[in-house]
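Multiple structures follow.
Consider the two complexes below, in which chain A is the common component and chain B and chain C are the respective partners.
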Partner chain A sequence: MFSHYIDLSWRSFKRTPLVSLLMVIAIGVGIGITMTSLSVYHMMSMDPIPEKSDKLFAVQLQSMDEGESWWSPDSMPYQLTYRDTENLLNADLPFKRAALMKTGFSVHLNSDKVKPFLEQTRVASRDAFDMFNLSFINGGVWSKEQESSAAPVAVISQSISKKLFGTSNSVGETFYLDDLSVRVVGVIEDWKLHIKYFDLNNGSFNKPEHIFIPFSLIKANEIDTWGNTNGWKHEPVKVFNDKLQSEKFWLQFWVELNNASEKRVFEAYLENYIAEEKKAGRFTREKAEYKLRDVNQWISYWEVVNEDNKIMVALSFMFLAVCLANILGLLLAKFLRRAPEVGVRRALGASKKQVFFQHIVEVGMLGLFGGVIGIIVAQVGLFGIRQSLSYYDALANMDISMLMTAPLIAISACIIAGLYPAWLVCNTTPATYLKTQ
Partner chain B sequence: MLKMNNISKMYQTEMVQTHALRDFNLNVEEGEFIAVTGPSGSGKTTFLNIAGMLEPFTGGEYLLDGIDVGKLNDNQRADLRNQKIGFIFQGFNLIPDLNLYENVEVPLRYRGIKAAERKRRIEQCLEQVGLASRAKHLPQQLSGGQQQRVAIARALAGEPRFLLADEPTGNLDSLMARQVMELLEQINRDGATIIMVTHDAELARRAPRNIQVVDGQLADFTLYQGNPNMAVGA
Partner chain C sequence: MLEIKPIFNALLRSKVGAVLLLIQIAITTAIVSNAAFIIKDRLDYLNQPTGYEEENIFKFNVMTFGTDVDLIQQVDLDEQMLRAMPGVVDAVQISAVPLSGGGSSTGFRLKPVPEKSKSVNASYFETDEHGLNTLGVNLIAGRNFTEDEVVLNRDYSKFPKVALATKALMDELYPGEDGLGKVIYMGDQPLTIVGIIGMMKGPWLKLENRKDKSVLLPTVSPGKLHQFLVRTEPERRAEVMKQIESAMHSNYAKRVIQDLTGLDVKKADYVAEDRLMMRMLVILISVLVLVTALGIFGLTLFNINKRTKQIGTRRALGARKSAIISYFVVENSLICIAGLVLGVCGAVLLGQQLMAHYSVPALSNWYVAITAVAVFVMSLLAVIGPARRAANIDPSIATRTI
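This part shows the complex of A and B:
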């Protein structure tokens, strides 16, 4: 009977093409707007590294004096000092660790072949590539020796490699970061991320960097941050070393802990570390405070998806509800106009249930067509968002789950809107129409 | 086969109560052809609708093939209607979007009959009413008489034991009316029980049994032919 109902629905569309088209457009626009905001919300709230998001932990240390507060939800500083970062990185622990800092340079070849350009650069310790699942196309990460000796080497992305050298395989080539000549040791696939979870300090949805240099270069070459530097007490910084020794927060630190016992070991290490630093006059608070947050906890802690985004999604659903209210009116008119035919069908043996189901299939089909139109409208909407702000490049996209969701929402919404008209028409007394038709 | 005991039907508005049927008693035996006559508004169509389970009755008892219709729910009534009753309406009531084949197919689909069996029955019924060659035509491409024959084919397709006809010739000219009447007589001879509401006295006289409805009650009847023991009325 289901295929028969589909056939009847199609005939019904052809019988009233204008009203049907109007309903499909209404649901299409409603779904399009809803899916646009829902897609952005979905991308914003999606786990950026699902295969290991519960194993990567952002480290926070409470190194401020008693009584000092921070603007984070639990008053813990978001970043670490250089001293703590270096100490945690060099600690004799069996865990992968990533010390990170955002910086930037004028990138050039010291020739007229390529126009110099400003490029953000990520200072990173060598474990970062493995921890954050970065894939090498050519070469690999710098060696431990290169890291410890602050060798001027770099890993670059495929797109930067092509931009500078016209090839994906630029291992061995040299280029300049300001005046520093660096040699390419590895080329990675472009890091595509919709949330820059590893460093949420300067915009959650900014694009990841394309150039990576060893962490040890910070000290060796006095490379300062292009991100935030936050202090909580007066500390004169006259030379770069003052900043390195200061209590200012300007670096990010991540650790990979594969199970609860590894986490316990690392927590014990942190407690010991804080205790040792306390002896040296730092970490003056009575109780050692630190936090390990996995990727999703970190994103939530930073409120990457804020109330505004949620309100936007809610508003788009309200718009969909308005569209559905209009569709409900049109469906009522359409179905009740068909009451005489329903009377005949009832007289010929159709039960109320069969009549009801026939009409529900029809509104379901309306929803399906509306869903398809909705996907097109949403694609146009997302394209508009991407064009308006490159910040949304990675976010304003519809992934496969959203593509599947669109018709499902459309069909469900239409069925909800069609319940009352279908119920009304299946409850009409057939005898009323048989004489008058 | 069809037995109505003290059936009443009352329509109620805020101000007025109207008794469409009251103390209506009728016993119909298998194979009968009954013409129901009476003035307009007397309750003929209401009787037919109740007989066809298209509307509920207010009081009394209605047994169809021994089944107490008053105790059935909507789905059971729909099933019973689909299996035992065929309808023929004055206005034909063919579904305009469906061609003749599909119109005849409607009751068979609701009965869940398989496609091959549906095809056999539809072709047979359209053949019986002389419209097999027009199976792919839409109703509006036919004359009134032809449309009514399609409606009859549709009613016959389900192989009903009862045919309820509400002024089947009301919209037809006399020639076509006669043809439709002859078709109904043939169907009756083939074994179906027919109850036909009509205003046409000449057609009514052709039915073996006549009953008259006045003010919602069986007023009188004349038995033209058939078994004199067929009881009508209380």
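This part shows the complex of A and C:
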């Protein structure tokens, strides 16, 4: 029966090609525009590390004096001071911790083989690789001894390895970061991320780094940040050590806590730490304030999904509603014109249910065609977005779930729009129409 | 005369179609007026004057990895070389690039730290005496700083004594007074303002209260990574840009030249999201209006088909063609006006919602009014074609099939 209904729908489609095409285009454009904005929204708000996003926590400490405010929603500074970062990193705790900073160097081999190039570099403590699920192709992370002795070693990505050495197994090779000679200890797969959640300071959608060096090199080699440094009081910084001692915020810190009890332990540690620092004249606020936010909380705290996008999603759904009202009107016209034919079918024994179902199949098919057109329209739209914004490359895309969603929305929207006309037409009294034949 | 009563009665007999059209018109009005308003808002933002000849200026970064040069000397040599290039008006090493979204800012004060004082946040550019000319901004009072006043710095131990500031900054620090010759403080360091700059946008166009406030500091303190700004004669920028990398490398090789970009491109990158939003909205409202117009067109056609006999009968009974046309026009106008009333309320409501939840300014009523008129005209245009077709129905049709 179903295939017969599909056949009937196809015939009906061919009988009024203009109106049918108009409907398919209306639903297609509606779905296309909605899917374009929805896809970008979906990619922006997608969990970047779903398997452990509720276990990784960004740490914030309120080290500013009473009365000082910050431009974050809750007036907590986004980053940490060097002093706090170092203390939290070296604390005797059983949790994995990552201290991070963005910097950059001219990368070269001190020869003419590869033209020197500028490359962003991530300074990280050794747990970071495990915490953020970075997988090694060759070698591994630097050792604890290398980290504590500030050894000039690096983990690089596969693509940088190929660029510098022509192979993805470059463990043991050396290259230069400015004038510092570093040895490769590990090669990781390229870090593919659409949201740079671990450091949202300088563009949430910037690409992750390809070179990683130990955190201890900051102090040993006076490596300054390429990201933001924010101060809240006047502190003259003449030499690098002044910055290390200062109350300026310029480092990111993450901790992995696997369950609520671990979280409590870490919170207790933080409270204790703040109390200790208070004795040393820091953390002058009456109440100890700190925040642990997991990955998704962190992303919404930073308002990563920009509001333009939310407005676009809202407007495009309203647009879809207009398209549906449009289709409903056209369906009504189309189905009612067919009332005499339905009258004959009813007289020949088709039940109301069958007539209703037949028409629902027909609108479902319109929805399917509309969905396909919608995907094409959305692809064009997303292509346009990628063309005008280079860093939207990874964002303006439809993943599988969105590709499936498009026809799903189209078909269900069409069926909703078709319910009333189908119901109207299946209530046709056969006698009225048989009379006039 | 317009036969509103019978038309209205006829409408009541086929409510659904009319209500659907009404909803379409209402939503269309609500979306279009708000979207048009946001578009205008973005256009003003994108087209605001900046004070620069953006198409004649470009920037580039230099990352030096060689350790056998003194950076201050090297910057001096590079500047001389750049300024001597044919087509170049002026060139300078500068700590930040305007309109690019990257730079430094701090609070400028009336009294030194730690005294309590009024403080106004402004962006600052560290550069030498060629900075003003390279930027090409307009000095409205006072003078540029001189070569002697420029402080060469390797470790921030020395601080300049004078500076240039924009009028917007000085007006806020010294309201109602002439800012020229006044002293402002950066931290605990005094700066005498020797010149006032008129229009000059800072690095962040998005920051409404900071974009017009800037200070030029006579300091040269290049780090390993520093940047140059070059202004060329009109039409010669591309030609000069092509030679930069090799020219810089022939001066000194152990460095990377990067991000060689025109100021207009830098600005376009910075405002890319706003431009994208604007384009998407333009597409959205044009397609929306088209879809609504098609809806009206389709519904009128359907009504005419349904009423072919009645129209034929009316014509046979002596109705003029114009009466038939006016019937459909009036019918459509009735629906449209009802939809517009609903749509205007919807537009205002939507505008309030957008303003409450997002940083969208208050919707101007003009946009709602103009949109309502435009939607009305559009609906008339959409109905006129089918209505004329109805008028051409032959009276004999009415008699033929009875």
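The criterion applied here is as follows: the second predicted complex is superposed on the first by the 432 of 437 C-alpha atoms of A that agree within 3 Å, B and C clash if a C-alpha of one lies under 4 Å from a C-alpha of the other, contacts with A are read in each partner's own complex, and residues count from 1 in each chain.
Definition applied: contacts are C-beta pairs under 8 Å (C-beta built on N, C-alpha and C of every residue); 3 or more make two chains touch, one makes a residue touch a chain.
Here the structure is a predicted model, which means the values were calculated and not measured.
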- request: Would you mind checking whether chain B and chain C clash or fit side by side on chain A after the superposition?
  value: fit
Partner chain(s) touched by A:Ala350 [first = chain B, second = chain C, both, neither]: first
Task: Pick one for A:Asp179: touches chain B only (first), chain C only (second), both, or neither.
output: second
Task: Check whether chain B or chain C contacts more residues of chain A in the superposed model.
output: C
Message: Let me test your reading of the model: by the given contact rule, A:His4 touches which partner, first (chain B), second (chain C), both or neither?
response: first
Task: Once the structures are superposed on A, label A:Gln297 by its partner contacts, choosing first (chain B), second (chain C), both or neither.
output: neither
- request: Using the superposition on chain A described above, determine whether A:Arg15 touches chain B (first), chain C (second), both, or neither.
  value: first
Task: Classify the contacts of A:Leu389 with the two partner chains as first (chain B alone), second (chain C alone), both, or neither.
output: second
Field: From chain A, separation angle of chain B and chain C (C-alpha centres, steps of 10 degrees)
entry: 90
- request: Examine A:Asn230 and indicate which partner it touches, taking first as chain B and second as chain C; both and neither are also allowed.
  value: neither
- line: Least Cα-Cα separation in the three-chain superposition, chain B to chain C, whole Å, stands at 11
- prompt: Where on chain A do the contacts with chain B and the contacts with chain C coincide?
  reply: none
Statement: In the complex, chain A touches chain C at residues 19, 22, 26, 29-30, 33, 36-37, 104-106, 108, 116-118, 176, 178-179, 234, 236-239, 306-308, 310-312, 315-316, 318-319, 321-323, 325-326, 328-330, 332-333, 336-337, 381, 384-385, 388-390, 420
Task: In the complex, go through chain C and note every residue touching chain A.
output: 16-17, 20-21, 23-24, 27-28, 30-31, 34-35, 38, 61, 63-67, 113-114, 155-157, 187-188, 224-225, 254-256, 258, 269, 272-277, 279-281, 283-284, 287-288, 291-292, 294-295, 298-299, 301-302, 305-306, 354, 357-360
Task: Name, in rising order, each residue of chain B that touches chain A in their complex.
output: 45, 49, 52, 54-55, 74-75, 78-79, 81-83, 87, 89-91, 93, 95, 97-98, 106-107, 109-112, 154, 158, 166
- prompt: Which part of chain A faces chain B closely enough to touch in the complex?
  reply: 1, 4, 11-12, 15, 340-341, 343-354, 429-431, 434-437
